[in-house]
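Look at the two complexes coming up: chain A is in both, with chain B in one and chain C in the other.
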Partner chain A sequence: MTLMEPRKHGSASDSAVGSRLSRLDGRLKITGGATYALEQPVENVAHAVLVPATIGAGRVVSIDTSAAEASPGVRLVITPQTEMGLLVSGDWGGNRPEIVPYHPLSLDVTYNGQAIAAVIAETIEQAAEAARLVKVEYEEGAVVVDLFDPKANNRKSLDQMAVKWGDAEAAFAGAAVQVEAEYRTPREYHVPIEPHGLIAEWSGDQLTVWEPSQWTHGMARMYSEWFDLPLENVRVISPFIGGGFGSKGAPYFYGAVAIFAAKVLQRPVKLAVTRSQGFTAYGGRASTQQTLKLGASEDGKLQAIIVDGANETSTYADFTEQTEAATPLMYAVENFRSSHTLVKTNTVTPGALRAPGKNPSAFGIESAMDELAYKLGMDPLELRLKNYADHDYQSGKPWSSRRLREALETGAERFGWSRRSHAPRSMKEGRTLIGWGIGCGTFPNLRNSAEALIRILPNGRVEVESGSIDMGQGTYTIVAQTAADALGVPVDLVDVKLGDSLWAGAPVAGGSMLASSITGAVHKAAVAAREELIALALTEEGSPFRETGANTLSIENGRITTSIGDGPALDFATFLRQVRRESLEVRRDTLPEGTKPADANKFWTTMANVQGPTATDFSVHSWGAHFVEVKVDEDFGTVRVSRIVSAFDCGLIYNPKLAESQWRGGIIMGIGQALLEEGLIDPRNGRVINNNLGDYLVPTNADVPHIEVISVGEPDLEASVLGGKGVGEVGIVGVAPAIANAVFHATGKRIRDLPLTLDKIL
Partner chain B sequence: MREFSYSLAASLEDAAHRAKAAGALLIAGGTTLLDLAKCGVTEPEAVVDISKLTGFGEIEVTDGGVKIGALARMSDVAEHAELQQYFPAVTQSLSLAASAQLRNMATIGGNLLQRTRCNYFRDPAAFPACNKRNPGSGCSALGGVTRNHAVLGVSEHCIATYHGDLAVALTAFDAVIELTGREIGIEDFFLLPGDTPDRETVLQPGEIITGIRIAATPAARKSLYLKVRDRQSYEFAAASAAVGLELEADGGTIRDIRVALGGVATKPWRARAVEQALIGKTLTEDTVREASRLAVEGAVAHGDNAYKIDLVPRVVARAILTVGGLA
Partner chain C sequence: MTDPISLNLKINGQSHALDVEPRVTLLDALREHLHLTGTKKGCDQGQCGACTVFVDGRRVLSCLTLAAQAEGAEITTIEGLAGADGALHPVQEAFLEHDAFQCGYCTPGQIMSAVACIKEGHAGSEAEIREYMSGNLCRCGAYNSIVAAVRQAAEAV
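This part shows the complex of A and B:
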C-alpha cells in the first residue's frame, strides 16, 4: 500500500479528504447537545471564585478572611499563605527545574487584577459574595503601565533573536529611497465566547479535570508536575472548546487553585473565570512597538530592511511577541538586520494569540512596503512582485512551496485591482472616500508527531480515538475524512472520539500544526488497519476470501472485495463474525524511527520535538495575500470594510469548507484588530478598564463584509504526509496592514498605531 | 452579588409602595439592573418586578401623538410601523441601540433610567472614588481614560456621559414623561451632575414611570437619528444627533428645527443654539455647517475625549442635511 495520491481539493468526488464535508460536531453545537467543560454534570460540586487585586503593583500586607469565612455556604478560603505544597512544572519545552515550590497565589502584586485569594462555597453566588468580603490591605508600588511609560526602564535585549545578513545599515544609508517609521499595536485579547475555567475531581490519587483545552496531553503533564503525580494519574477531558485562539493551550494558576481546593475538600470544585477576569487571569497579545527602515533603489528594488522591535512582558516572566517574525521572509533583500527587546510592565504575562509574532510583524513590514510604494510612486502590488523572494533569504534554503505570487495575482484579478487609481483620495462616492489596500501574510509550517488508535467494532463501525482536540477548526471532521479514505469506508461509518489526555498522543492545537500532524497519524493507523483486515481476509479460517485464492483484495465503500469476477463482498461486521473476531484495534504513531517508548510522551506533552519551518532542507510556510476595500466617512472618520478578497497557499486543503471558515475567521479577527480592539489601561493603576464585551469591541456581523477566500495552494509533501500546510493562523496575518493601507489610500492619512479608531482619522 | 429578596408587584400601587422602602429597586427588563448588581454598583436588598404588570406596555397612536407605556419593549417600539412613519428619529434611536437580544428584554422606562457606562463608575473595587456612586469621594475618571466621557454639561464632580439613545430623540421632540401622580417634560426630568452627580433624574423613591407622550409635529415626522461610532452595531455613540425639520411652504426656509445630542453630554442634550440660529434661514450646506458649530458651545474636553468637540458639529450638520435632502 502506498500513500494515497494527494488530490486537488474539492475535485475528487470519490475521496473524502478534500471534500466540503460540513463539520461533524456542528449539529451538536447548534442544538445545544455539545456538553462543554463547565457544563459537565458532576455531582456535589463546590464553587470557587477568585479575588482579584485592585492595585497595579505592590505588596499585600494583610488579608482578612474572617468575614468571608463566616459568610453562608463558605467551605474554604485560599490565600497566598495557604501551604499548597505544589512544585513548579516544566515549561512548554519540558525543561523543569529541580524541586522548586510553586505558589499560584502571591503576596507580591505585579499587575492589577492578579488573583490574591479564592473562596470556595456551596453555590457560586455564595462564593462570589464571600469573595467580596475578603479584605486585602496593600502597600502600593509604582506601576509601569505600558511600553511607553517613562518608568519602563527594565528592558532586556534578546540577542539570540537578532537576525542579520549583509550590511543593512550601510545599504540603508546609501539607498536612494528610504522609509523610516514606527508602528504600534495595543494589548489585544482572545475573548473566546466560552470563558475559561475547569471542574476538578479527585478519586484517591487520580485526578480528573474537565477544562477547555487546546492540548490535553500538555496540560495533563503540567498538572501532574504541579501536584507531583504520575502522568497517567491525571486525566484532562475536553471534547468541545468554545474558542481558544491560543489561550487554552496551558493550565493557569487558577487551575492549581481549583484542583488544590478539590483535594482539601475531597469533593469536586468548579472554577469559572468571569468575563472580566478573562482579561487578567491569563495574558492576551502583548502590545508591541517596532521601528522599520526600508531602503530601495529608485526603481523599487529593496536594498535594506532594518527592524527594531519591542513588546511588553510581565515583571515575572518573559513572553516574546516577535515583531520581526515575518519581516525577513516576505521580500528579496540582500541586507537585513533585526533586534528585539522585552519591556517589563505591570501586566499579566502576555500569551499566544492567533499568529503570535507574525501578526504584528506583518503590520509593520506590510505597512512600510505601502509607504515605500507611495514614496516611489509605484503600485503597491507591483512593488511586491518586483521584490518577490524566490527563496528564503534568512535561511538560504529553497521554499518547499511558495505560491504567494499566484495569491497576489489571483487575488488582484478577483478584486479588480487594475481598476485602482494610485493617488490617495482619488476614489470617492459622495461623502465617502474609498480606499483599496494590500497586505501579505505568512505563517511557518510546524510539524510534530502524533498517534492514533483505530478500532473496527463488532457492529462494523470504525472508531478513531485521539487525545487531540477540536476547538471548532474541524479536527473531528478531517480525522473522519482521513480515516475513511485510507480505510476505504464512507465517512458516515466513522466515529471520532477526541479530547481526552488518556487517549492517543497528539501535539498542541496551536501553531497551526494539529491538522497535518493528526492526519498523518490517522492515515498511518488507517492504512495499517486496512492491511490487517486484508491479511485476516486472506489467511484466517472462516474468511470466504481464503478459498478464492486471490492474492489481492481491496476495501471499497466499507466492503472487503476481491477483483475476481463476482467474488464475495463483505461489510466489516459480517467479516468479523465470519473470522470469529470480536473487533480489531490498531495503534500507530508518526514518531521518528527508533524513538524509545519512554520518550514518546515527550512528543505529546512538550514542544521539545516540534520541527520548525527550516528543520529540513526546505523552508516551509503558508502564505496569503489580502485585498481590501474600505469606505471612510470623511466627516466622521469612521471606517467600514466593504470588500475583501484573500488568496492563500496552504498546500493541500483537507476540507475546503473548514479551511475557508478558518481563513474567514482569521480575517474577521483581523478586522477587529485593525479597527476596534484595544485594551484600555488606566494610566494610574494599570487596570484594564474595558474588561467586558460591551466595552472591548470585537466585530459584529454588521462589521463583516463579503469575504472571498481562494486557495491557490498545491500539495506540499515537504510540509506533511498528505501535503497540507497550516491553515488556522495565516488568515489573520496581513489583514490589519491591508486595512490601514486602504485607509491611507482613501484618506491620505497614514496611521501607524492600531486600532484605526475614528478619533485618529477625523 | 449580595442576596436580595425578589417579588412580583401585584399592582402599580403595590410596586410604588414597596419601592419606597430603603434598598428596594424596581426591575423591568433587568438589563441595566442585573449588570450593575454584578459589577457591585447597585446592591439592592429587595427587587420588585414590575415587568408582569398589565396596562403599561401598550403603544397608543392618536391624532395628537403617541403614548408609549413604560413596559413596552425597545424592540416593540422600534418595529412599530406607525411610529416609524410619524417619529422616525424615535424608532431609529431604538433600533440603533444595544443589541437585538437586549432590545427584546429591555423596556422603555428602564431605558430612560439606564446608568452611565463610565468604566470607573462600573468598577467600585478598583476605583473607590466616584461621586456618582459615593457622593464626595471624588472622580476617578478625571486623569483616567476618558475617550467616552462627556464634553457638555460636565462639572468638576462628574464627567460621565448619559449614553442612552432614546432619551435623545425624545428630548428633541419635547416628550413628556408620565409618572405615578405627575408628569414632567423630559428636559426637566434629567438633571445635570453639578455637585450632586448621584442625582440623575427628579424621580423620587417610589415614583414609577408609567409612560411617555410625544406630540405629533411636522418636525417629528421629518426626523432622523444619526449615531456615529466605530463599530457598526452594538456600541454606544461616539456622538449622535436626533434632528427634526419643518420647512416653510417655499420648500427652503426653515420653520421649525429640533436638535438633540447623545454620547457627548451628561444628560440628553438639546442644542437650542443650533436651532435658533437656523429658524427662518434658508437651508443650505453652509448655513447648516456654520450653525452646527454652536452645538459645542461651552464644551470642555478632558484628555482623550477632545475629538468629540470636532465630531459633534459634523454629526449635527450631516443629520440636518440628510433630513433636508442635501446630504
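This part shows the complex of A and C:
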C-alpha cells in the first residue's frame, strides 16, 4: 500500500499553484503565432491616421481638407466639424452625466499633439501622406508648460484627500532632528512596445473592437455609452496585449474616431497610433512635486511626518497622482498631516502608470528617511527597523500580514549590507565611487469580484473562459494552474480562453487586483465542477460508481475514482460518454451574497465595487525592500546600477517563475525612472520634444545588472481566496529612491529631482 | 510615385508575389500584405528592434528597409525559425524555459537578434550578450532572463 503525500504548494516538480510552470501562452509568443489586436485577419480594412495639433494651446480657426480628400486612396476625412453624434460615457466608477454630447475631436486645442483630424484611406501609406496635406490655421493662446510655469495658477486643493492624525505641526516644530526637503518627478511614459490602436467593425448595430485592453468589460461599457448601444452589442476582443502598464485600461478618443469612421464607411477601420503620437494620444505619469517634513527624536524615533504634494493635470480633466499614498503607511508615527493640490497645465490628461501615487510617494518618503539617517548618523536600515510600523497608523487597523521586516533583514543579508561603510564617498574602486542604498515600497491589496466559466468538453478537456486578460502577468498560466489544482486534472488538460468582453466577468487588470480576483472565481468554479462530476458519478444512470456504495469519490490526475482507489478509474471523456452527457458547464462568481443578476455587470464594467485595502477589519498591502549598488564615474558623473537585491511580501505566489519576472520588470522600470526617463517639454509651445524611443530613454539590456528577487511572503487569507497579494506594481515602488540614496552614498550629492542625470551629479 | 510595383519576396524559403507601392516597408509588406504578423511594429522608426528579421542571414530592421530592397534576398522571419516539424530553435526553447518575455511583443525581435548574436560570435559572456542585445528594447523588463536564455542557447547550438 502506498501512502499519498499531501500536495505541497511551492514545489517546482509539478504544475500546482505555487509551482514554476512555464508560460502556457509562451509557445505562441516565441513562434510569432500570438496574434495581437492590429494583426487580426479582418478583411477589407481601411486605415486611419490622426492629424496632431502643432500648437500647445489656442483654437483651430480653419481646417482645409481639400488636398487631403483629393489625395489617392482617401475615403474620409474627419474634423471637429464632423457631426459624430456621440454621448459622454461614465467614468471608471460608472458615474455618467445625463445626455451630454461627446466630441472626440475639438476646435479648442489644450495640448500640443492633440488630434484635430483623422484621414481614412485604402492603405496606411496613403492615409499617412494625406494626413500631412490637412492644412490647419490656429489662433495661438498662452501655454502653461509645466507644474513650475509662473502662469500655472489654476490650482485645485483636494481637501478630500487630506489625511491627518495627531498634531504634526507641533510635533515637527518640537522635534530635536528635522528634515525638510522638496522632491520632484517628471512626466514619465508607459511606452509599451506594442503601440496603441484598434480595428473596429460594424455588423448592423453590432460592434466588434479588436484592441489591446487591460479591461475588456470596462472598455466595452464605455464604447457602448459613447455610441448609445446596449452593452451586449459591443464586443472588445483582446487575446494578447503587448504591454500596458496602466495605459490600456480605458478607451481613448481615437477609438471613437475609428469606430465612427467604420460606421460611415461601412467597412472595418484600423487605426494605429504611431510611436510618437503615443506620447500625447493618452497620458503618462503626471509630473509631481512634494515637500516633506520629518521630525525625529535624537535617537531616531519619528515624531511627525508632513507632506504637501502636487501633480500636474490637464486643463479639461482632473487626474490625481497621489504623492502622499505610501507616506502614511511606511513607518510608526503618531503625528501626520498631508495635503494634495492639482495644477492645470497644457498637457493631455495624465493617466495611471505602474503603481500610481505609491511610486512618487515612495520617492519622497524613502529619500527623506535616508536624509534623516544621515542627519542622525544612523544606518538607514537601522532607522527603518527602529520605526517599523507594527500596525496601520492611518486606519488604526492591524496589518493582515506585513513581512517587511523579513524583507529588510533577508534582503540585507543577501546583499551584504553589514559590510557597508556609512560615510558618503567612503567606498571606492579607483576612480569609481561605490554607493549602497535602500528603498522600501508598498502597494494596497485591491479586491473585486469575478466570475469564471468551466466546461468539461466531450473529448475530456477542460476549458476555462474569462473576459480577463493576459498582458504578460501570466493570467493564462495561473488560471490553468488554479483550475487544474481544484479539479484534480493535469494542467496540460486545461485550455484557457481570455480577452473577450462577451465572456465571464472580470475586473480590470490594474491595481494589481486581477490575479487574486480571477483565481478566486476560477477556484470556486473548478471546485463546483468537481462536485458536480462526483455527484453525477454517484447518481447518474450509466455511471459505474453508482453501484459501488461509495458516498463520495475523488478526482486525481484527471480520473474519477473511489476514494480508496479500488474501483473503476474513468477519465472525463469516458465518463461523459457513459452517463450520456455531451459536456458539463459550470459558471460561478464571487459576487457578494444577494447581488441581483442585473447588478452583476456593474462589478465587471466599473470600479464602483472595488474594495480598498482597509475594507475589512485588516489593512492589507504588499511590501518590498530594495538594496541597490551603484557605480558612479567620478569624472563623468555617469551612474551604473551594478547590483540589486529585492525582497517582497506578496503573500502566496501563484507561480514564482512568472512573479519573479514581474518583480524584475517593475524594478527595471524603476531603474529607468531613476536614471533615464523624463518627458522633455518645449517651453515655447508645450510639445513633448523627445516623443520617440531614441530620445525618451528606457532601460536597455546593457543598463540592467543581475537582479536577485526573493519572496518572503506567506499566504494571506485576508487578502484573497488562495492567499496571494498583488505582485505587478509593488516591484517598482521604492526603486528610484534606493538608487538616489545609493548615489548619495557614492557621491555625497543628494538629488531630489528625477532622473539622476549626470548634469545633476557633476 | 504611388503606382504599385510587382515584387517577389522569398520569405522562409517560400516565394511570395505581391503588388505594393514602392514606399511600402518590408515590415508593412510582411504584416499588412502577407499576414506574416510574427514580426512586430514597435516604433516604425528603427529604435526598438521589434521588427528584426534576417535578410541574407544578417539582422536588419524591417521598418527601415523597403520591401523592394529585399527582393532577391533570403528573408527569414520568426515564423521560419522553428523546424518544418515544429521543433523549436534552441533559442526559442531557452526563451520559454527562462521566461525571457512577458507580453511577448518584443519577443520575435529579441529571438531573431539572439540567433544572430550567437551566430556572430557575440555571446561569449554576459556582458557581451547585454551589449549585443541592446538594440532590442523590452519594456516588460525580461533582460536578465534574455541573457540567461542566450547563454544557454549559445552553448546548445
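The criterion applied here is as follows: the second predicted complex is superposed on the first by the 746 of 762 C-alpha atoms of A that agree within 3 Å, B and C clash if a C-alpha of one lies under 4 Å from a C-alpha of the other, contacts with A are read in each partner's own complex, and residues count from 1 in each chain.
What we mean here is this: contacts are C-beta pairs under 8 Å (C-beta built on N, C-alpha and C of every residue); 3 or more make two chains touch, one makes a residue touch a chain.
Bear in mind the structure is a predicted one, so any value in this text is a computation, not a measurement.
J.: Thinking of the overlay built on chain A, is A:Gly33 touched by chain B (first), by chain C (second), by both, or by neither?
T.: second
J.: In the overlaid three-chain picture, which partner chain does A:Ser22 touch, first (chain B) or second (chain C), both, or neither?
T.: second
J.: Report for A:Glu194: first if it touches chain B alone, second if chain C alone, otherwise both or neither.
T.: second
J.: In the overlay, answer first, second, both or neither for which of chain B and chain C A:Gln662 touches.
T.: After superposing on A, A:Gln662 lies in contact with chain C but is clear of chain B.
J.: Just chain B (first), just chain C (second), both, or neither: which does A:Leu675 touch?
T.: first
J.: For A:Glu125, decide between first (touching chain B), second (touching chain C), both and neither.
T.: A:Glu125 contacts both chain B and chain C.
J.: Scan A:Thr700 for contacts with chain B and chain C and give back first, second, both or neither.
T.: After superposing on A, A:Thr700 lies in contact with both chain B and chain C.
J.: On the superposed three-chain arrangement, identify whether chain B or chain C touches more chain A residues.
T.: The larger set of chain A residues in touch belongs to C.
J.: If you stack the two complexes on chain A, which partner ends up touching A:His422: first (chain B), second (chain C), both, or neither?
T.: In the superposition, A:His422 contacts neither chain B nor chain C.
J.: What residues on chain A does chain C touch that chain B touches too?
T.: 125, 694, 699-703
J.: Chain A touches which residues of chain C in the complex?
T.: Residue list for chain C touching chain A: 2, 21, 23-24, 28, 31-32, 35-45, 47-48, 50, 77-79, 81-82, 88, 92, 95-97, 99, 101-108, 111, 126, 129-131, 133-147.
J.: Where on chain B is chain A touching in the complex?
T.: Counting only chain B, the residues touching chain A are 1-3, 40, 117, 119-120, 123, 125-127, 143-145, 147, 228-235, 238, 304, 307, 310-311, 314-315, 317-318, 327.
J.: Quick check: in the complex, which residue numbers of chain A touch chain B?
T.: By the definition above, chain A touches chain B via 52, 54-55, 112, 125, 128-129, 132, 431, 635-638, 640, 675-676, 680-685, 687, 689-690, 694-695, 697, 699-703, 755, 757-759, 762.
J.: Per the contact definition, I'd like the list of chain A residues that touch chain C in the complex.
T.: On the chain A side, the touching residues are 22-23, 25-36, 39, 41, 72-73, 123-126, 190-195, 240-245, 272, 274-275, 471-474, 657-658, 660-662, 664-669, 692-694, 698-704, 706-707.
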